[in-house]
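All chains are identified by letter, namely A, B, C, D, E and F, in their written order; residue positions are counted from 1 within each chain.
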Amino acid sequence: MESIGKTAILYALADGESETEIRAAALKKGYALIKGKVGSMNTEKIFAAVETAAQREGLIRKDYYRDTHALYHATLDAFVGICRGQLGLGNMLRTVGLIFTVVRGPRTTEQVEDGEWLAVVLYGMIGAPVKGSEHETIGLGLNHL
Amino acid sequence: MESIGKTAILYALADGESETEIRAAALKKGYALIKGKVGSMNTEKIFAAVETAAQREGLIRKDYYRDTHALYHATLDAFVGICRGQLGLGNMLRTVGLIFTVVRGPRTTEQVEDGEWLAVVLYGMIGAPVKGSEHETIGLGLNHL
Amino acid sequence: MESIGKTAILYALADGESETEIRAAALKKGYALIKGKVGSMNTEKIFAAVETAAQREGLIRKDYYRDTHALYHATLDAFVGICRGQLGLGNMLRTVGLIFTVVRGPRTTEQVEDGEWLAVVLYGMIGAPVKGSEHETIGLGLNHL
Amino acid sequence: MESIGKTAILYALADGESETEIRAAALKKGYALIKGKVGSMNTEKIFAAVETAAQREGLIRKDYYRDTHALYHATLDAFVGICRGQLGLGNMLRTVGLIFTVVRGPRTTEQVEDGEWLAVVLYGMIGAPVKGSEHETIGLGLNHL
Amino acid sequence: MESIGKTAILYALADGESETEIRAAALKKGYALIKGKVGSMNTEKIFAAVETAAQREGLIRKDYYRDTHALYHATLDAFVGICRGQLGLGNMLRTVGLIFTVVRGPRTTEQVEDGEWLAVVLYGMIGAPVKGSEHETIGLGLNHL
Amino acid sequence: MESIGKTAILYALADGESETEIRAAALKKGYALIKGKVGSMNTEKIFAAVETAAQREGLIRKDYYRDTHALYHATLDAFVGICRGQLGLGNMLRTVGLIFTVVRGPRTTEQVEDGEWLAVVLYGMIGAPVKGSEHETIGLGLNHL
């Protein structure tokens, strides 16, 4: 858990005690991190859910475009990983149920002089809008803050 | 570790004792899984490394096109996640150092009647061909076998 | 007409007596095949029309995700051919009037040991939502079932 | 200002006296040119605004598909430049405020024997639907008429 | 066989007597058409083979950029259909064996007043560089000349 | 010339006295800017030329990954505009002759509190590797530094 991307991925996949431990260890090493859920056929809701949570929890400053810009592109990169090639959900008759994590901090704990970065992970299920007709998907986006 | 994608992701990120535990638990639940490394500026080497390892370790049958086809598209999907939008490495002046995992088995341990699937994870560093000028990236591809 | 893709293409382009002949010859060689029409500015309707017809006519099993997954990606591949680069219809101010065919069977009549595949063809007109302001387009997607 | 693309770009960026001068010089050299504005989260409105203006001002002939087809693809190419990789506006939680120019004439004033071409420029701001949370973007599409 | 795209598709798929008939019927209706073969892992060879053949057989004028430009984009559109999403062959560890056809003439035999168009079809096999590890693929590109 | 993108575009298009004036005015307003040339069928040479020039002229700090990362993505965005949809040059049998500019400074002269940004413009000719068989193209990428 010494790098920002790995922290964001493991935090997204964990639950229960393991989630609490990852969070505590990350905070101790100087990372700020949040976790949320979003499910939708509307792609814009993914972007909105991540941005709203990151602003509310103070991971990025509101009304400060540099932060919004950094987060937006990290989220877009993660979303491309989720879609694997052709961007779209409802317009391609598919839906997602995702957990998202956002982590702010150094690229690795040995690169603190490099300043702060943002990592966004989207992880969950993608598939037809029919219960069970779905499989896992993940996306990770990184950007300098 | 009850789903194929999560298994492939956690196995890719783990090392040491934790890696051994994930492997043992996955095998017990009916998953076959392999792990390897590949670093290159040539995109085709990623595909070749994954395919060669999967055939050698018996995760897919050699000379059986259905298996090759399933693995190829899972690898391509994972690679799209790595590249986040524009496919390419050396031609875009960037390189990768990746760990890859391939897992074969049910989508989840509760969906064995759905037959076997393949999950490919690529995880590692992407960046300029200069030491340290890089950040993490991950891609996951799933396909029915 | 000894391969699945050619069968799907020729069946999509044929009408009248020729269509009946292609269908009869394909059935005799072990192919199952259907044909339908869909016109829309909403991309999801293309996916829905193909899936609904394929399930209703028994080319794929309903409530069996492997089949749905195989058909979905074959349809997506065909749709990419229709759009040629940028996925979209109404959002790019264009519309389509398409014939679709779905064929299930061996890749070629000499490769029956390779199991069953699906071929989806979309063929028709793409253009501005103005009568006559359009030209032909085709897409073919193949996937192992 | 001896080439069609440069003319379209400079005309899009200019205002006041400079705009009038560019227009006059371009007309003298045999170019027809128009300028308009469009702001939207709906991508199709960009296409509609450019087409409607070009037809109304006589840069392309209405009900003549070759002209519509040439303009459509020039506009699409310009739009790809605006979006830089992933086509979309509102579905990606972003919006644009654009000036567009369309220029008809020779590729360069020294290549009149090559017939008429169309250049479309989209220039303006892209960003979050929040005042000030945006940055500049440009796209240029060229096509033979 | 009254439209340019259908003519190009059927001519690509036909052989023997049927090929001769399609050709004769198309010529009688005012279409010029050629057919060739190209197999490669290098994407540029597909473009070169089509352009060289079309120039040599007089379907487009050499040293006349409008014609080259029209053919180039028709070929690119057909190639996108072949690749279905991610442009590339050898760099994605895959190869093609293709038949190509180029047809010049009206969009349909009832739209001669609309001038001449070009249709490019690429049809054949795409797959791993291993005999038999491949499946069919088709792409069609149209452009006004 | 009060915004970073417009400055980069106009500086790329200007020559002679006009170029000198744009440069002087931009420097006075707090922008740092450079200009160079690159022509190639190899896409990586575009990235290398821009990066090398920007580092040599001090627009970004060498061995400082945040700067390299910001410039890389701005260059990639500009390159996407140049390619309009399908990334590639020689592999698609086309070549470019480009002027590039890089500008560092505030998004606009009224947004200095928002910190420094980078703008990359690529402008020039794209076409077949045959003299005169080419047309103009432009791309602009912006990123926060």
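Just so it is clear, contacts are C-beta pairs under 8 Å (C-beta built on N, C-alpha and C of every residue); 3 or more make two chains touch, one makes a residue touch a chain.
Everything quoted here is computed from the prediction, not taken from an experiment.
S.K.: Provide the labels of all chains in contact with subunit E and in contact with subunit F.
M.R.: Expected: A, B, C, D.
S.K.: Counting only C-alpha atoms to place each centre, which chain is farthest from subunit C?
M.R.: Here the answer is chain F, farthest from subunit C.
S.K.: Is it true that over half of the residue numbers where subunit A touches subunit F are used by both copies, so same, or is it different?
M.R.: Counting which numbers both chains contribute, over half are shared, so the two copies meet through the same residues.
S.K.: Quick one: point me to the chain whose Cα centre is farthest from that of subunit B.
M.R.: D
S.K.: Using mean CA coordinates as chain centres, what's the gap between subunit A and subunit B in Å?
M.R.: 20
S.K.: With centres defined as the mean C-alpha position, give me the subunit A-subunit C separation in Å.
M.R.: Once rounded, the distance between the two centres reads 36 Å.
S.K.: Could you check subunit C for residues that touch two or more other chains and list them?
M.R.: Within subunit C, residues 65, 69, 80, 85-88, 91, 107, 132, 135 contact more than one other chain.
S.K.: Which positions of subunit B touch subunit F when the two form their complex?
M.R.: Contact set of subunit B toward subunit F: 86-88, 90-94, 127-128, 130, 132-135.
S.K.: Taking the complex as given, what residues does subunit D use to touch subunit B?
M.R.: Of all residues in subunit D, those touching subunit B are 85-86.
S.K.: Where on subunit C is subunit B touching in the complex?
M.R.: 64-66, 69-70, 73, 107, 114-115, 144
S.K.: Which part of subunit C faces subunit A closely enough to touch in the complex?
M.R.: Answer in residue numbers: 42-44, 47-48, 51, 65, 68-69, 72, 76, 80, 87-88, 91.
S.K.: Can you name the residues of subunit C that touch subunit E in the complex?
M.R.: So the residues of subunit C in touch with subunit E come to 3-6, 9-10, 13, 77, 80-81, 84-85, 107, 111, 117, 119, 132, 135-142.
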